[in-house]
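Alright, structures below, take your time with them.
After this come two complexes, each holding chain A, first together with chain B and then together with chain C.
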Partner chain A sequence: MTVDMFAMQAFTGLSIFTILMLMALGLAIVFGLMGVINMAHGELMAMGAYTSYGTALFFQKFMPSLMDAYVFVGIVLAFIVTSVFGFLLERGLIRFLYRRPLDTLLATWGLSLILQQVFRQFIDAKEVEVPTVSWLKGAWQVTEGIALPLSRLFIIVLAIVTAAVVYMILFRTRAGLRIRAVTQNRVMAGAAGIDTARVDALSFAFGCGLAGIAGSSFTMLASTGPTTGQQYIVDTFIVVVFGGVESLLGTISSAFLIGQMQSWFEFGLGGSMARASILALVIAVLYFRPNGLFAAKVRR
Partner chain B sequence: MQTHIESSSPARAAVANVGRSRGFLERWSFAILAVLLLAALPLSLDVFRLGLAAKFLSLGFCAVGIVLIWGYGGILSLGQGVFFGLGSYMMAMFLKLESTGADSSAQALSSFFGSSLPDFMVWNSIEALPWWWEPFHHVWFTLPAIVLLPALLAFVLAYANFRKRVGGVYFSIITLALSAILSIVIIGQQGVTGGVNGINDFRTFLGVNLDEDRVKIAMYFVTCVLLLACVAVGRFLLRSRLGKVLVAIRDREDRVRFSGYDPALFKAFVFAVAAIFSSIGGALFTMQVGLASPSLVGIVPSVEMVIYAAVGGRLSLVGAVYGAVLVGAAKTFFSENFVEYWMYFIGVLFVVVVMFLPDGLAGLIARVRARRSKAPTPATAPLATATGVAK
Partner chain C sequence: MLQVNQLNVYYGESHVLRNASFSVAKGETVAIMGRNGMGKSTLLKALIGILPTRGGSVSLGGRELTGTPTYTRVAAGMGFVPQGRMIFPYLTVEENILTGMEKAAEKTVPAYIYEVFPVLLEMKHRRGGNLSGGQQQQLAIARALVSNPGVLVLDEPTEGIQPSIIKDIARALNTLKAERGFSLVVSEQVLSFAMAVADRFLIIEKGEFVHEAARADADEGVIHGYLTI
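Here is the complex of A and B:
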């Protein structure tokens, strides 16, 4: 194996990592911090992707001169749409089920089926493709044999920025402090004057918004279909569980590991078997480290 | 999230058939089911509809198992499709090998290629029968394997996880990953598994033609009797002391552990029993529908099986059978009339049952009865601990 191939393979892994991480960050907040199993997380991602798609169509039709900038508008809109949806979802459904995590799983699964059919019926039953903006076309030719596609580089930057923002919000703002307080001890947080119900709703909405961003960036790599979300949901959950719930750093590291494994295994085994063996490997690892690879050592 | 909630459960007791006074429907539920399945349905349906009913009933095996492990064990398995699939594929492998050996066209094909391989292997230019196909030439290997292999897999997997105290939603996610793995492998290894098309095109079981009406009706009765037997086994388990320990584990696992029991062993045992039920269902499904398909193995069907149990009532073994038949019938109805609304229907069903009918139809009956007898309405108690407790 030459250095070039090695670099390209690692870069592919890095690219898978960023998508996994963007998806898993939202889930890490919703599932890791709040303990809510949202099986519709994948569909929220698809919703973000469709929002980007809609934005692209709108720009193409009405403001073709500004087409180059639609990417950013798409990302912001995707965040807004999915987080508003997430807020309504929390108020309308999730909050009644906080004490029944397994029931939340089933109810959100039902929701995911409904959303899939909505996508299929009202948007398109086939996969839709978003036009690539001009400045993301092409690749950065590092050396003779290494060409890094610009769109993937952009997503990597986006992922880093998103992760940094999530970190800042959780650990450097008042709102983040409240979220962490409610996570650690709901009753005491309430006693200290924090409106726990409001914090729940907002953090859920925030997690859903992150799924929207993931979906929006996903459109730059692949086409979006009604079942796109379902294809990714298991992998995303596995990333969060593997990394150790309640640890953002764990989620990021595990997304990195799984992304790299996916890339290298695919090289040797082919795509589907790579996925299967990674899932099996994760189950095996969880046997030895039930709380995930990077679990915080806390007393429960 | 630490949410230990004491279960205040007259509702639980009422639906669980261990309570004080029970209504006619509850007391005779097993007998009513037996009469319905063995007399009412066969007398009122034609052979085609009876075949459909048998198909739903084979899925009912999974639902009965889910009631055992989820309703009473607090373990939500999203991987019953795996065990259903194992049973289904093992039976299909046996049937395929038998029909490959007997079929004249297959023999012509095999003499041409110089080997007697199932047709899809020939198409995928597989040269020799994989070693793990070999034992499935024999019926006396296949039938015990359908019972034992899934049980073994389920027990090892469950015991390993429960011993490490991986439970609740984590175990659900692991079972979810398991069903993803099996369906990916089946679809990926087309040459030896039949891939997306599955294994199909077989007609005989030990020389008996499965397409004949007479045989179909007989198979229906075999399915019903086995299903009733599974329900009976489930009832026996729940009424035994094992059942008591199981419910205790569901409601307060640490207390049971402190009392000197090994909860992992109990949970893994019940999980294995549920796996056996699913596998038997899968084998019967394959014999009657003539197909083993990855579309019944993956995540979507596995989660759908949970809704069968939830509709019937997660605490009612008998209810699970009704749930499977009702949801299955609804699916057929929608696909015959307006396909596009099926997803809405099942989606809404998930939400509504979880939100408003956590004890399913059985809970509804108990609630109606309680209201009529003007007793304090029991079924409104929150369903907290039955679903396991998040860490």
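Here is the complex of A and C:
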């Protein structure tokens, strides 16, 4: 294996890692911290992607001169749209189901089907393509054999920035402390004086907003269709469960491991075998460490 | 200060707290005594609002609290230290204390907390889940204190804690009460601890108050009789 090939494989792994991380950050809050099995999380990503698509169309039509900047507007709008949707979803549905995980699963699954149909009916039944902005076209030619696509580099940076912001919010602010207290013991958090209902709604909205950011950025790599969310949701759950719920660093490390494995196994074994071996490995790890790879050890 | 009137609690159809009425004066300590399963915890959980009540009322400093969520009661001046302590296991000791400071003006842990419980200063950056039972109890009391409660409600603070620490906790509570002037409602089975802190004793049996005594004329033998099978 040459140095160039090694570098390209490592880069592919890094790229998959950041994509998985972006997907999983939102779910790490919604499922990992809050314990809500949200089957519609994938559709929230699709919603973010469609928001980006809408923004692109708007810019193309009314502000073609600013087309280069639409990416950032699209990401921000995707966050806003999905977090507002998440807030309403929590107030209108999820909060009635906190002690009933199975019902949550069914209800959100139903919601995901409804959303898919809404996308199909009102946006487009076919996949839609977002125009690539000029500064994200092409690749960075590091050496003769190494070319790194700019859109993937952009997602790597975006994922790292997003993860850093999420970490700072969760671990360095009072709002984050509230979220962590409520998710660890909702009843006690209330008895310590925290307005749990408000914290639940806001953290759920935050997690959904992160799904929107992920979806928005994926428009740079792939087209968006009504069933796009379904393709994302499985990987997203695997990353969160493998890393260990209640652990943000676990989620990030798990995304890194799975991303790298995906890249290297695919190189050695081909696509399907790579998927199969990763899933087998995940099952084996969860058999021996049911709380995930990086679950913190404390007396409860 | 605290007024409880004809409070009733049901678990499904079973009536576990019957017409509980009592009041606590400012600065007073009331010990709710009784054997396991007699309704002590139920009463205290109903006070802070973790359990729903059917009929009856709770008010604090003239403010009606019946039917309000727990955090409203904390904001109104009720502090709660639950049975089993319920420390947030993944939060550090300092963060655990900060969760009690939602409505507090200052943003850092007040100095008196670490003076009364020096072990918490030492353990400041440890995860709450890694503390011993006695340390967790002190932490739970600290977390309730920082909301500046008018009434502190403690549910079986001595459960599963070694005797020397129990004495420390009794001493700390008396010091804090003298300094800060809050009232205390404590449920207990350990008579020596109750004798060390309480001004008045209420005995509960099968969800009803059956005996009341002020500390001056409390007969230890009688109370002991209610606590043993």
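Everything below uses one rule, namely that the second predicted complex is superposed on the first by the 297 of 300 C-alpha atoms of A that agree within 3 Å, B and C clash if a C-alpha of one lies under 4 Å from a C-alpha of the other, contacts with A are read in each partner's own complex, and residues count from 1 in each chain.
The rule is simple: contacts are C-beta pairs under 8 Å (C-beta built on N, C-alpha and C of every residue); 3 or more make two chains touch, one makes a residue touch a chain.
Please read these numbers as outputs of a predicted model, since none were measured by experiment.
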{"item": "Fit or clash - chain C, chain B, common chain A", "value": "fit"}
{"item": "First (chain B), second (chain C), both or neither touched by A:11", "value": "neither"}
{"item": "First (chain B), second (chain C), both or neither touched by A:177", "value": "second"}
{"item": "Which of chain B and chain C A:265 touches, first, second, both or neither", "value": "neither"}
{"item": "Chain B versus chain C as contact partner of A:275, first or second or both or neither", "value": "first"}
{"item": "Touching partner for A:195 - first (chain B), second (chain C), both, neither", "value": "second"}
{"item": "Chain B versus chain C - smallest C-alpha distance in the overlay, whole Å", "value": "6"}
{"item": "Intersection of chain A interface sets (partners chain B, chain C)", "value": "300"}
{"item": "Chain A contact footprint on chain B (complex, rising order)", "value": "1-3, 5, 70, 76, 160-161, 164-166, 168-170, 172-174, 176-178, 180-181, 184-185, 187-189, 299-300, 303, 306-307, 310, 340, 343-344, 346-351, 353-355, 358, 382-384, 387-388, 390-391"}
{"item": "Sites on chain C touched by chain A in the complex", "value": "48-50, 69-71, 74-75, 80, 82, 86, 88-91, 95, 98-103, 107, 127-131, 143-144, 147"}
{"item": "Residues of chain A touching chain B in the complex", "value": "34-35, 37, 93, 96-103, 105-107, 109-114, 116-117, 120-121, 183, 186, 230, 234, 237-238, 241, 270, 272-273, 275-276, 279-280, 282-283, 286-287, 290, 300"}
{"item": "Residues of chain A that touch chain C when the two form their complex", "value": "174, 177-178, 180-181, 184-185, 187-197, 246, 296, 298-300"}
